[in-house]
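Supplied in structure tokens, the structure appears directly below.
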Amino acid sequence: MAATLERELSIGARMHGWASDLFPICRSLTGPGVRQTLEYLSDLFPGLQVKSIPSGTRVFDWIVPDEWTIRDAFILDESGNRRVDFRENNLHVVGYSTPVDGWFTREELEPHLHSLPDQPDAVPFVTSYYAPNWGFCLAHRERIKLERGRYRVVIDSDLGPGVMNYGELVLPGRQTSEILLSTNICHPSMANNELSGPVVQAALARWLTGLESRRHTYRLLFLPETIGAIAYLSRHLEHMKRFTIAGFVLTCAGDNRTFSYVPSRSGDTLADRVALHVLARRGSFRRYRFLDRGSDERQYCSPGVDLPVCSVMRSKYVTYPEYHTSLDDLSLISPEGLTGTFEVLRKCLMILEANQCYRASVPCEPQLGRHGLYPELSRRQETSERRPLLDVLAYADGRADIIDIAEKVELDALECAEMLEALHRLGLVQAAESRA
Amino acid sequence: MAATLERELSIGARMHGWASDLFPICRSLTGPGVRQTLEYLSDLFPGLQVKSIPSGTRVFDWIVPDEWTIRDAFILDESGNRRVDFRENNLHVVGYSTPVDGWFTREELEPHLHSLPDQPDAVPFVTSYYAPNWGFCLAHRERIKLERGRYRVVIDSDLGPGVMNYGELVLPGRQTSEILLSTNICHPSMANNELSGPVVQAALARWLTGLESRRHTYRLLFLPETIGAIAYLSRHLEHMKRFTIAGFVLTCAGDNRTFSYVPSRSGDTLADRVALHVLARRGSFRRYRFLDRGSDERQYCSPGVDLPVCSVMRSKYVTYPEYHTSLDDLSLISPEGLTGTFEVLRKCLMILEANQCYRASVPCEPQLGRHGLYPELSRRQETSERRPLLDVLAYADGRADIIDIAEKVELDALECAEMLEALHRLGLVQAAESRA
Amino acid sequence: MAATLERELSIGARMHGWASDLFPICRSLTGPGVRQTLEYLSDLFPGLQVKSIPSGTRVFDWIVPDEWTIRDAFILDESGNRRVDFRENNLHVVGYSTPVDGWFTREELEPHLHSLPDQPDAVPFVTSYYAPNWGFCLAHRERIKLERGRYRVVIDSDLGPGVMNYGELVLPGRQTSEILLSTNICHPSMANNELSGPVVQAALARWLTGLESRRHTYRLLFLPETIGAIAYLSRHLEHMKRFTIAGFVLTCAGDNRTFSYVPSRSGDTLADRVALHVLARRGSFRRYRFLDRGSDERQYCSPGVDLPVCSVMRSKYVTYPEYHTSLDDLSLISPEGLTGTFEVLRKCLMILEANQCYRASVPCEPQLGRHGLYPELSRRQETSERRPLLDVLAYADGRADIIDIAEKVELDALECAEMLEALHRLGLVQAAESRA
């Protein structure tokens, strides 16, 4: 137990370390920051394929945007002081800002400035992916210090045809049934949303890679949000609709606050069932509605896509105060927070690996004593305690999977799986058509 | 808005005026009062067909009763004073009283008198449609003043073969799908139950007549209660079962108290769904059970008829203190009360006109910005607010109609319909097999 | 009513008398006590078949155990005093104890003694059916008085090949549809668990035998718990799966505390529906989950058996303090307690005898007055009261049985059956395919 604890803390510390390494990179939908991030991730586990789609490619209703490169951006006052400086924090420049170099009055500058009066020390995260524009984000406290006068504004960026990149890791299993994990690599220097998702997914990739044998095939995607998922689906939709049995969007995975769950559109897919089982047994969690969705489950669960995908998070995007600001920094995520999400998702995957419908082989209860499974003396104490083995067996009707059975008998699904595997070795149950 | 308000108040005032005109007429199941009422209604909108069925006609398990004509009725005391006088209030005579003219002692009179000790000023409404009898209704305060002695009793009525009348208005639509509206024209001088139903239905008839185009066909019935509905169903059952998609019984529609709803037998027909949607969005209302039914939904929802019919009312019959007494007079109903019911039903009909299943045309969310539907700059504020258009689209799976979608996304069904029509014009959704 | 009360008290007194007669017999899974009990029962009603299955017979996963005969058992101290004596209470010997005769030190005796420190005056009930062992049960207060020293231990028992007995009563009905009643005859001197089940089942056998005509066939089983049910099912499974429409396990039927209900695995069989209807109309009761099952419903509801069987009890086994101890004696059960359970089960059977789906013969409500079923004068009072006859008729759609209808209209199922039979005689409803 102590060893396990140490190993897991060590996973948490490692994930936090990866996030720290990735934090300074200025990511966006496209550009060198995304490639640099994918390169870093590809060192953490083998097999990551980095793909690219040319700007202008039509993907369903969308068009892949131009590639954006940002080198520098600042606002100089007349005394030559850098009053806003991209090099200090890459959130200072509006994502996808077009290049600019010129002198502006304070009034001319005004519509290009973004700040949060209610959080005067936070630099907000603003983008303008799909309409040409430029701007700066800054703490409100700094904004109000910008006196009347003239300012030199420089944004040293390129916005033009190029590619959009994403990472794909497919880990084959014994079956064609697939499990999808999907996270985003398009956010600049913010930690919970979104470096926590990529690092937890990287840790899961390492764990899955290390398994002796995988039953299911795993498809792990590291995508720019929205356009990346849409582009990926436009290339793989038929395959994914045919083989995906469950999927999880990984985002906001690292703060050590309560867990959150956003269901799939129907709310009762295998992904929902396993996530709800694991979260409910762990303790209390916030259960959101599909209306509250906000990440790539918007695409995975859209009509015509209809993949069985839900989200397991810590504090849900939008709901926590640091969201989409410079306050979402490395201090917001912790090894413990990252480890908790990693454990919840690993548990979901372990259950899906074990998931199976079983059918009792003989009518009536078996004579447990004959199989070495039962106390021989019947005292009041024994008959009064719950007999989980018989309960599990009582629901092994060939239609209930281990998640169903676990919910019925109010036990952990992996414990149920172990009991059923023991009963299977004794010939007391047989495998039925699996739902997973 | 001010103009709309004025127009609607004016509808209410007009409805109240019609009720005032109709109030003095002595209606019953049959007879000249019913014909006079139908004649008045036929001046309010074009196309009302007045039908008649001969007394003695077998309709399902029932027999159409004889026609009743009442000219005068009174009780004279020995001094020649009219102690009870039909001309003062037509509730004073028991409906369908057989003719009588003779002297009776106070004791002989007793079993023919009806009053309400708990409401000593109210004249109750009593009928004896299906067994020959005669009687007088009077305020309990007046009854106890009737001293011992002899009284001359006159009921100048006819009860003999004739016809039962009802009114029918069929407004054809582009589709064969039909919507039923049904109300009663068999109550003497009472206002909420039942002149409110006929006048609201008349206002709906005028509105429907004025529509440029109707999608559905509308069948508006003005019937004597129970026997009228049964007789009508006996003539039209197969047609109505085949084409009726929703129907509403209009009764107790005019007092300005809280709304009430009585479900169909199954409780989940299209009529129930649209009524519940409209009532719930308007505010609180009383939700009754099918066991609480009491008007012609008893026939429309009976086994073997099974029409999708529910009732939307203000104070439900039986439950309010003035019910079936002289206290249910024109002061109990108000232009506001009538207008409220008119608006609720008109809204139901508008939703049914617009109701449709839509299916998203492309997988994933559309690029709203490209279609001019989305803010171009993504700030925290924008992503944090709910995006009703995307929510509506997310449920456009080809099986949900606009009522389903509206319930899911917690918006008004007509707003959803507008959004879906906009998306349809942009080619982002296509119409699917309609459930309405 | 007074007569009924007297008759029923008399049934209760009779049941309590039978339990008193049977109480002293030392029953176990097998042996002369079981045969003596079955012989006594066969005098209470005609037709009980006593069957036997040889030891060693394989029944599904189980093997019928050897037959156990116990003649005497005691512990003597060095002074020759019987410190524990089977003749005082047959609970003192562990069920299925192997023979023993020898001297033991106090320490050697220790692992063979069973007592309840929390209930120091109660002798516990302990068995070792499926592993050879021996032991004594005693009040904890007596156990701690057993000083150091040597004790002579004698158990004069036989454990060897023989038979397992059970009783079967099949009462044929007009239909092949069967109802199962099942109880246990394997407990030594305890009253609620388990003489109450056999005596209530005997009273039901007498009542069923006395019926002029039975619609269903009744199968009443008096079995050793678990192995008896398994053995019986191994011989009759296909027949029972084909014909059984409902069944009830009778146990813990005699204390006068609140009723308890344990559902079948699915919880919605005909047996569950009728039991819930009867219990809920009687008042409050404890509703357990299938996980709380503990008697032969464990076999009847196991996967592969899947019979529609639930349990109706007073205080459920395990939950009451006297359970499986010498405190569960004749003072714990009462004529009133036994009568209550008898009445609940008889009511269930009466409803099942009457159960039927009806379909209204004509569309719309019938003209009740024409059939002599309705008041002729319509006053406010009459229309305001619920009309159970019309409510019952409104749900007679050919798919609802009388239990469904009774639940809908919130009446007693037998009252509904009476109304529907009256309507049937008038031709207003017709019988539809019965679900029972």
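By written order: A, B and C. Residues from 1 in each chain.
The rule we apply is simple: a contact is a pair of C-beta atoms (placed from the backbone, for glycine too) under 8 Å apart; a residue touches a chain by one contact, two chains touch by 3 or more.
Worth saying up front: this structure is predicted, and the values here are computed from it rather than measured.
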Across the interface between the identical copies subunit A and subunit C, with over half of residue numbers shared counting as same and under half as different, the residues used are different
Rotating subunit B so its CA atoms sit on subunit C gives an angle in degrees, to the nearest 5, of 120
Distance between the CA centroids of subunit A and subunit C (whole Å) is 55
Multi-partner residues in subunit C (2 or more other chains touched) are none
Subunit A residues touching subunit B in their complex are 60-63, 94, 114, 116, 124-131, 133, 226, 229-230, 233-234, 237, 265, 290-291, 294, 298-299, 301-306, 318, 323-325
The residues of subunit B that touch subunit A in their complex are 359-360, 362-367, 369-370, 376-380, 383-384, 386, 390-391, 393-398, 408-410, 428
